[in-house]
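We just call them A, B, C and D in the order they show up, numbering each chain from 1.
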Amino acid sequence: MKYHETLLQVRFCEVDAYGVVWHGHYISWFEAGRNELTERFHMGPFQLKEMNLLAPVVELTCQFKLPATFGDSVVIQTTMERTEVAKLIFYYRVLHKENGKVLATGSTTHVLTDLKGTLLYRVPPDVLEKIEAMRQYLEV
Amino acid sequence: MKYHETLLQVRFCEVDAYGVVWHGHYISWFEAGRNELTERFHMGPFQLKEMNLLAPVVELTCQFKLPATFGDSVVIQTTMERTEVAKLIFYYRVLHKENGKVLATGSTTHVLTDLKGTLLYRVPPDVLEKIEAMRQYLEV
Amino acid sequence: MKYHETLLQVRFCEVDAYGVVWHGHYISWFEAGRNELTERFHMGPFQLKEMNLLAPVVELTCQFKLPATFGDSVVIQTTMERTEVAKLIFYYRVLHKENGKVLATGSTTHVLTDLKGTLLYRVPPDVLEKIEAMRQYLEV
Amino acid sequence: MKYHETLLQVRFCEVDAYGVVWHGHYISWFEAGRNELTERFHMGPFQLKEMNLLAPVVELTCQFKLPATFGDSVVIQTTMERTEVAKLIFYYRVLHKENGKVLATGSTTHVLTDLKGTLLYRVPPDVLEKIEAMRQYLEV
């Protein structure tokens, strides 16, 4: 299994009154990592929409290990799980760039729907191909 | 001149590493005040869109007087200026609810466009009526 | 078991390119609900800090059921779980105010630490009293 | 006059219900540009604090020219104005990376205060040196 890596600089406005990154901002970092990965395979949110598809998040988990703060650079590692249905599960690790320590881990579960939000009965073959290409890249 | 008033509680995630509300969040407070006002007159962002109109912000100013922090309640006072063209200018004051002190003032300037972003040559009569009703409410 | 209820208006800036509230913003709603509850029992983030305590989030889960959008009012229901250690677990439900439908559920797990982030060996008696009062209020 | 340049990718969560970057997010982009510049000269927010100084924003302006959206890369150009008092004024331009068009311009005015927020009567010589070095770098 491989991770796609995205580098981010912590922004001052992401740091809270305790001097550490506010926990909710990790969700936007997960998304930045996921979108950079999926766009490579024409599965980004706007690319999906052009195919009349949406991939809304239905479940989100995050485990916080160590704080990050302003001035830190972080690496978002993103990978995915092989599933049999119209569902995509992404896994994330946030690492401190300098010392390599794991700051947080997490996951997002997405379902594939049409533009009205109806769950796909069957994933279209061209989408399956894109998912397969992403899996090969990630070796999962 | 009258102000429309909107009450907000400062959220913990709006406070920055200096222990005060991060300056950029005042923009969302201005917007909350403006939308509560404009929606009353069927001029909210989604209501405009139903009339095939947009009112994008083209200019923004904000003057910061005193800090707010978590636990504070703030009152957003919103009013507007009478203009002759397809332009709307809103003015804001953010007050500390308990002591009435002015924390910030500001303005946003909006133009009226069609859904493609083309500036309106003439404001439709039904929109002018809504603006006029809002002006009478605000006594401007 | 009872829920503490917090009413929020969806802000325009919380709605994403798909026309629904961006999933990450639910984390700030959970926090708004939790803080309104904990502050009643002198366990809010700033109140804890005055007692030389922090309660950082170590785990977060969220399940998204139905979308919310601009113009909606939502009710955040917050409750907690009885635990034996220096750990607090809060549970949330986000309801659409008008139709009562459940939009999302979730949880946050917090540990009690000193200001240096060291896990408390024992919860101070005055903090235990506050937690006990909160439990009685919530009937858990 | 030179500009310090900072490259940013537009995040999906920065795009609003109209499909363009929500106007308030430009404030965080200005800040990202300013902090990258000031940190080079040991004048970043955390570096100032170590010198018992703060540089709160007292005024903010932004002019929006063209929309940005998800998938765009933007360049934040930051420069400053020479002032004689304990005040710093930064100017910003946001450019679309691919086509070089100006998306927005703006400014933030900061005052130098001690940690209690009292305006500095005189700027300490070592801070003046840092400001002078930043001016030389920017040729202002």
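Here is the rule we go by: a residue touches a chain if its C-beta (ideal position, glycine included) is under 8 Å from a C-beta of that chain, and two chains touch if they have at least 3 such contacts.
Here the structure is a predicted model, which is why all the values come from computation and not from measurement.
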item: Rigid-body rotation angle, chain C and chain B, from Cα fit (steps of 5°); value: 180
item: Of A-B and A-D, pair with higher C-beta contact tally; value: A-D
item: Interface residue identity across copies chain A, chain C - same or different by half; value: same
item: Centroid distance [mean C-alpha coordinates] between chain D and chain A, Å; value: 29
item: Distance from the mean Cα position of chain C to that of chain A, given in whole angstrom; value: 24
item: Chain centre separation (chain A, chain B; CA means) in Å; value: 34
item: For chain B, residues that touch 2 or more chains besides their own; value: 12-13, 17, 24, 28, 31, 45-46, 70
item: Partner chain D, residues of chain C touching it in the complex; value: 12-13, 15-17, 19, 22, 24, 69-70
item: Footprint of chain A on chain C - complex, ascending; value: 17-18, 20, 23-25, 27-28, 31, 45-46, 49, 54, 56-64, 67, 106, 117
item: Complex contact set, residues of chain A against chain D; value: 9, 11-13, 28, 31-32, 35-36, 39, 44-46, 70-71
